[in-house]
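Take a look at the following structure, please.
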Amino acid sequence: MLRREAPSNPVVLMLSLAALACWLWLPLGSIAPNRIVPGTAYSLPEALGWPLTVASCLPLLGLAVVAWRPGRLAYYAALALTLLLLMALPLWLALMAQRHLDPELPQARLGIGAAGWLALFWLSLLLVELRTRLALAGWQLGLWLLPVLGAWWLTAPWLESLALWQEFRGRGEAFVEALVQHLLLVGGAVGTSLLLGAAIALAMRQNPRVERLGFALLNFLQTIPSLALFGLLLAPLAWLSARVEWLAALGVSGIGWAPAFLALLGYSLLPMVRNTFVALSEVDPGVLEAARGMGMSRGQVFRQVRLPLALPVVLEGVRITSVQAIGLTAVAALIGAGGLGTFIFQGLGQAAMDLVLLGALPILAMALAVDALLGALSRRLDHRNGQTTGASP
Amino acid sequence: MSRSAFKRWRAPLAWCALLLVLATGGEWFEALLRWSDPEARRVLYPQADLLTLLLRHLWVVAIASGLAVVLGVGAAILVTRPGGRDFLPLVAQAASMGQTFPPVAVLALAVPVLGFGTWPIIVALLLYGLLPIVRNTLAGLEGLDPGVEEAARGMGMGAAQRLWRVELPLAAPVILAGIRTSVTVNIATAALGATVGASNLGAPIIAGIINGNTAYILQGAVLIGLLALTVDSLFARLSRRG
Amino acid sequence: MIELKSVTKRFGSETAVDAISLTVERGELCALVGTSGCGKSTTLRMINRLIEHDGGEIHIEGRPIREFDGRLLRRRIGYAIQSTGLFPHWTVARNIGLVPRLLKWPAARVAERVEELMLLLGLPVEQFAAKYPAQLSGGQAQRVGVARALAADPDILLMDEPFGALDPITREGLQAELRDLQARLQKTIVFVTHDMDEALALADRLVVMNAGRIVQQGGPLELLRAPADDFVASLLGGDDRGLKAAAITRVGERMLPLATRPMPPARVSREATLHQALAVMFREHAERLAVVDGDDQPVGEISLRRIVGAGREGGGEP
């Protein structure tokens, strides 16, 4: 059956058993007659009956078998099984909705239970593990995931009663607006901090006093918790906008985008300045010596050598800053800056957990996507920048 | 000796003293707070005195971070031993991916699962605080000079001796940096816990934002800032020693 | 031709180079030798104005270098350093073409020149042109460094410990290649090294420096036979220096013409060094060796006495 004998893989085994345990014992979902009343939880056997339950578990048992005798082919089989499990996830929920949702109650809604979320969690970890074992590149994994997205999209029409979907449908426009606001704040803060950070880093390279002072100040700023900084900016900005007319005309006030933007900018500056500074400073002195020795001018050395060599590290700064800003912008909703955090805090206030999810899930997805994209770009640029070593072949 | 010791601990001690003065002497600062927001009906946060809030805040962070250190360092040690090495790639990747999760989102996602109150926050902080610790401990243990490891084996040290006397001491600065990040982030995130029903230093800020009372915000914000600075300077002190 | 006339360089209160005078003739390979910190690298870097000299004069082809623009001067002088200084984000071909592009050569000519140089330095174009420096071995990277220094066909080449970071075998190979290259190209080369064997093997003239001053200069044999002081003698390897002299003298220079008596069975090439001839004598337990040419035809013979006497004949030692 298998060409190579290999020791069993305890990771895949453990993950699939954990997924199996959660899947069987925890509630798959809950059904509530309306938004306010807490729902009734159904475990998998209760929701779908034993035959379907056993059927839904079969791929997990298959995974356990693969873990017993792994090999390259077996890992591909495991990947296929994991994808199959992921594709089927919404299907079980849809079946549950069809069986247990009372058609008489148009307000009734289906909540995703712990089994659903944890299955997603364990399966994601399985994907990470299998990706490492098979040494798949990011885009290859992306291709493999396409059928999963397709399957979810096909199942969507049967999941109209999903609470998350209902929350979204109720606020379609507000959601888009919040998303745009979120992106604008993040993009604005990161963009500004990139320009400002580069300027500060260049100034620091000219003058060691500026360097010490700048880093001390930015480090200090970074330790102040975001909520505190947002709060502290309220009063001074309110005071300013009350006294300076053109600021008020710009829309600057104690609450809203202005304090959020300033706080985001403050937090973003440290990683940006640090990375730009380090990147510009740590170019191999031999390379610079050679560049000068070949007769390059200062401008040529900066543009053709220093800058391109610094770029991957600067980009790394943009990545860290962006991911951080995406999370901080969510907090900024507390001071009226809008963005997806609005849904989180509204949801928490109304104890409407699906509204919380409506805010939190896109934020999570955004952070992961930005991290993956910028990380890949930085690695791509860095790929050629390995330093020469003195080793003989 | 004691003089120089005092000098070395000056920064954390100064922040800590300022923190305690502000936390206990609320009434004395009333006039100052009054000035910050002359129109407000009352300027001292009425629900609980600041010292209680501070202690609650610290307690939550201490429990979450303490557990995170034990679990995080333990997990990282386990997966770098021969028996657990199979789990290393998964744990390393999960920890670095988990770092990208925004703390607010983690906290928000914890509520539907764990409910409102203090314990859910502790669990959320614990989970989130684990990531930088695991990541840095792994980096510290994996980044050791193989020559040192080889030499330790060559001298006849056992696996446990190598771990305690060589690997952990050498990796300590990196591990400590991870713990520092974890605790700092947890202090900030715990403040957000006030939005999910925890009573801590975040509470006056939230109350202030909702009621438009700058004085409340100021009390919470200044104390959280000072707490963060105290803890951070403490870690800065510790890491310079190691 | 490069002329240094009582050139001085101070860093703060420290005098790195103290009134040195030196002439490097056209087509000569001149090695600056000395312990680290003796001012040899500083001297080299003053020649292409990476460092400006404080006192004295430096002339290139009879003109003081201060008359040239520093950058233009450096584009006319080849420069190769120990860490190679290859740009890690550029391919091998682009690295080599750097100076010609700075000099605004047309692209086609740059490409042609790059291929020519890669061929010259034994780097097959299709194999190496598109590689990045991180993908090269130390020896290959150093070849690229030399090719880059030669790219714009400069008359003068400055080399700062170019083979310092390499393993002995790679280093010897590259030294031999540099010797061949120099025989063909006849550049004026100033070569900085702390490795006396490297200097003896490569240089037409050695300049020994200590604490910012020139202690002695002269041809390799001159130095070996008559070191100016204990410092030079110890740099030359103390008691070993007799063997070092033997290592740079060819058998052909010492052999006796063919005699009528029977030829000894053991043989050595005319091109071998006296050092190698000694080794053959040890191995063969012979005091006389037949000397043969490239076609293995006997052209003379050499005896132990001739070899041992070699040190005395030309030298000034009592």
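Per-chain residue numbering starts at 1, and chain names A, B and C are given in the order in which the chains are listed.
In the analysis below, a residue touches a chain if its C-beta (ideal position, glycine included) is under 8 Å from a C-beta of that chain, and two chains touch if they have at least 3 such contacts.
Everything numeric in this text was worked out from a predicted model, so none of it was measured.
Farthest from subunit B, judged by the mean position of CA atoms in each chain, is C. Chain A has the Cα centre that lies closest to the mean of all protein Cα atoms in view. Among the inter-chain contacts, the highest number of C-beta pairs connects A-B.
Look at where the CA atoms of subunit B average out and do the same for subunit C: the two points lie 61 Å apart.
Distance from the subunit A centre to the subunit B centre is 22 Å, each centre being the mean of its Cα atoms. Touching subunit A in their complex are the following residues of subunit C: 45, 48, 50, 70-76, 79, 81-89, 98-99, 102, 132-134, 136-141, 145, 148, 158, 165-167, 170.
On the side of subunit A, the complex with subunit C involves touching residues 284, 286-297, 300, 304-305, 308-309, 384-393. Subunit A contributes residues 9-11, 114, 117, 125, 128-129, 132, 220, 223-229, 231-232, 234-235, 238, 255, 323, 326-328, 330-331, 334-335, 341, 344-345, 347-348, 351, 353, 356-357, 359-360, 363-364, 367-368, 371 to its touches with subunit B in the complex. If you check the complex, the residues on subunit B that touch subunit A are 36-37, 86-87, 89-90, 93-94, 97, 100-105, 108-109, 111-113, 116, 184, 187-188, 191-192, 195-196, 202, 205-206, 208-209, 214, 217-218, 220-222, 224-225, 228-229, 232.
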